[in-house]
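Each of the next two complexes has chain A plus one other chain: chain B in the first, chain C in the second.
Entry: the complex of A and B
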């Protein structure tokens, strides 16, 4: 349809509400964070311009680099945990067996639960006194292995990562299942006729045919685990002694506990670019369109 | 000719194999799947079952069913954590944000998908860019913005970020759906003298029902579960939502496990019920959301 006179007005009226809300509450904050990031400001008194001092301080702060390291740790755990487990289960589910639907339903369940519910449930599970894991170990006569899972710097990160993996395996499971259902059956049958074992068919035909989906899952997994905040905030708040601190948590605590709004904004800007650059690199590597 | 024979024979061989699949292999597959299901579901089931046990029973009997069902935990959770208020707030925010997001999003999607004008592509890209914004990078500036606008700690505070950050995925899903409608819908409607908004309301919106269902569910679940913005923008207990209230409650009563589990169970029930009823739609929506977002 052509935009003439009356239509033009309608278009403007129709788009305005969405553009307005979106610009003010999603785009403006990003722009503002650039502005605040070059200021020193405790949130109440006057701001003073400090140039790139916030960024300088940030890049010299070992706690910041510690949080970057932990973030990468979470990303690696997610990619190496979620994707293989989900693919393995999806391959098992992708056959004509009875009762498969129930496994899919159970598999996806954690994905719809709120992160807070998951974090609190797992905190109870990891509880050092009467958490599920320690009770299980004691019941099996392995009480010696019981740990203060979230309170011990040797275990806290592992415990958090297990929860992260548990939360999202179901998402990738469903994505893989959908892709597997699109693999034409004739191809698999042809392979069988040629005498290929199920193992060979899986590795030489099925997996290569859904390779694109696997790559997409890996990207999603990286992007998703970079965003980890709620889960760790509720489970450990970055502790003990910063062993589970990630970038978003570092930003949150620096800003709101230490009242450094300028500095916190600088961390926001770094997270923003970090995420965008990562998405850009991955999409470029795969030749996919970013938007 | 030869190929036909071969295929036919092949299908038969395959069929026979399918029937005579070695039992132990099938058994092994089931065992692995059942293990996976247990690992996936047991943490939740464990929590729900134990929410009905008294504190003393929880200490000695974690794995069995409760010897007697105790509702005291629920009473405690309801009273101490103010669950009634939390529920009311969560439902209000969730419903209001979802309705506004879907309506404004659908309207925008209608114009972006059905009309040609100069800025069309630019505006669409502008919206879709929102899916790339890491929400956590906006927590600090969002707090400052809302404080400047006098919008911290009000009953409608959370509506603004929730609507703003879910418009992109809503517009993305709806635009691609509406694009597929045949061109002559509007043409015949205009011949009948329908206005542009009338066409939207009485023709395009009803036709988009499947996609609308997807975005409504998606928005509802995201809003129901959202925590970070609530954490930063709300500290008045009167306006807290369930996730925030739960986290605060657990932080204050760290050793009252029973009440914690009761609270968690209560907040779990609505979402699990919705999930079991609308599984297909939810799975579709959330995977679409993930693949693009």
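Entry: the complex of A and C
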């Protein structure tokens, strides 16, 4: 500790390049968004100050609330889908298993694939005329269950959520596996000697011991889902008729397709606070001091 | 330890500083003027090849100037252009579309007026077409082609099987053709509306013109007419009717335009509604060009419009960055004069592109193209997304998609548009 105190100056200088880059490319744009959000601006002409009119218009826009609703679906699908599934598989894989590496690699594969590849592949799988799912259903004589997965507004959001879950399960799988490997053998052995069943050991010992990791995973999950964009942009671009619109997509389309930079910035600011509040609530709910 | 810490820290700072400042000392020394041109010529089709070849030839013949091509896929092109324009980082030259689509760029003073050199094309390209790229008397680009947005391509044998020797001239007949095709288990029309513009640009531009006449759009925008006009609602209802009678492939909202075109080419559907941009790709990929027919949109009973018209707009213009000056500006002017020449128009016609200039056509030109070319003689009707504001375009695009899903009625969409335009 003492050494650290002496080289404080060096540490600061060492951090400076990173801080500088981070400020210019991350902090500054956020502050700029705040500034633009009270302006009316089409991106080319002069800005004019409009106060909170953008926010007023935003809160009255049903399309925005529609995108919030869809975004909450994505958050729920991620938190309730990705985390439990990943935890389940991680617990299964966390024993001396033949071919462990293969399973781990398979699980992690979707994370490595480019989102565009995933989106296009799943679009083909979901296609109503000759997609894999419908062909399979028809081959099994279940043609009646075949749906226009991405083209039907009742199914499109569900279809997108399934893909989102599939894409990121691997990421949390790896995080959980790493955490599980850090659970000390002695503790588990002690539990065994005391006669605890596998079930009790898992719930009373293993899960509590990696609880902090689970919280981090949930927060990563929420933050990731709130800014989800690329997958849906390629898969449906928010369609059909806005049924898969999420906040980031709504912001993008308002800003760049309709040239409302001020309004789009207002949307960004709202997303910013929305994420902040949600993550605050989650850390409170799940207990344990974070950060 | 302390010394090493300081050393490392200063080294880091040094590296990061030099990394940022490395770019300043290039680009001097050579006399070649470099001009970058942004475009959407990513698809491998004859039209794009002509443009690229012209630039290649220009570079070979003009030693002092080097034109660099940067291609961006069409669906992302305009978004990128607008984003870069907002950041004032436009390239020297870039492809633009006429009407309301260049208006914001002009308002933001991003474009250079071409009035100095526009005389070059006097007498070659009719004033009526040149003016598509002009705003308040200032020309900002020269058109290379005319894009007809509403053509009907069909397989002749599929129609013959359904008992039609010629393409239906009225909407009623078209509907009975669709019914006949469905009885034979043939998907009538290939539509790829994932990107949501085809139903508006291809379908409504001409269908609405048939009902309302060509002055309506202008009037509706400046408040002299209303989008809730019964005739406009009727035009929107045509889409509803076609969707309800299942005239389209089931995945219409999840495949894009190019995918639907290949569905048509492979013979899975009898018809495909598209613009003149599809002529080349379709003729290139079918086995027998004579088996493909092309027809204008049918007439609609009770419509006030001229049924001979076809929605169309000038295109292929390249605008210059308003920052260009001196040598670079002269070089860009030289390039434009070279590019928009008879030589290119000739080549474009051979690539089945409808051009604004009067060029002769021989028998080597396919019949489909000659016919499509002749439709323009009936007069051009305004194309919706070239005329509407971006907000209205967004509303009608999404609205038409909702109509195909039964989530919105034509009346609701018309009211929504009227509300926005007020």
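The rule we apply is simple: the second predicted complex is superposed on the first by the 247 of 291 C-alpha atoms of A that agree within 3 Å, B and C clash if a C-alpha of one lies under 4 Å from a C-alpha of the other, contacts with A are read in each partner's own complex, and residues count from 1 in each chain.
Quick note on the criterion: contacts are C-beta pairs under 8 Å (C-beta built on N, C-alpha and C of every residue); 3 or more make two chains touch, one makes a residue touch a chain.
No experiment lies behind these values; they were computed from the predicted model shown.
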Contacts of A:153 with chain B and chain C, given as first, second, both or neither: second
Contacts of A:261 with chain B and chain C, given as first, second, both or neither: both
Partner chain(s) touched by A:112 [first = chain B, second = chain C, both, neither]: first
First, second, both or neither for A:123, with chain B first and chain C second: both
Which superposed partner A:248 touches (first chain B, second chain C, both, neither): first
Superposed model, chain A: greater residue contact from chain B or chain C: B
Partner chain(s) touched by A:45 [first = chain B, second = chain C, both, neither]: second
Touching partner for A:276 - first (chain B), second (chain C), both, neither: first
First (chain B), second (chain C), both or neither touched by A:239: second
Which of chain B and chain C A:199 touches, first, second, both or neither: neither
Residues of chain A at both interfaces, chain B in one complex, chain C in the other: 3, 6-7, 10-11, 14, 17, 21, 43, 123, 127, 256, 261
Chain C - residues contacting chain A, complex: 1-2, 5-6, 8-10, 12-13, 16, 79, 82-83, 85-86, 104-105, 107-110, 194-196, 249-255, 390-391, 394, 398, 401-402, 404-405, 407-408
Of all residues in chain B, those that touch chain A in their complex: 6-7, 10-11, 13-14, 17-18, 26, 29-30, 32-33, 36-37, 39-41, 43-44, 46-47, 58-59, 62-63, 104-105, 107-108, 110-112, 114-118, 123, 125-130, 132-145, 160-161, 163-165, 167-168, 171, 186, 196-197, 200, 221, 224-225, 227-228, 231-232, 242-244, 246-247, 250, 257, 260-261, 264, 267-268, 271-272, 275-276, 279, 282-283, 286-287, 290-291
Chain C partner contacts - residues on chain A that touch it in the complex: 3, 6-7, 9-11, 13-14, 16-17, 20-21, 42-45, 123, 126-129, 148, 150-153, 236-237, 239-242, 253, 256-259, 261
Touching residues on chain A, where the partner in the complex is chain B: 1-3, 6-8, 10-11, 14-15, 17-19, 21-22, 24-30, 32-33, 36, 43, 89, 92-93, 95-97, 102-103, 105-117, 119-125, 127, 130, 132, 135, 139, 166, 169-171, 174-175, 178, 189-190, 192-193, 216, 220, 224, 226-227, 229-230, 233-234, 247-248, 251-252, 255-256, 261, 264-265, 267-269, 271-272, 275-276, 279, 290-291
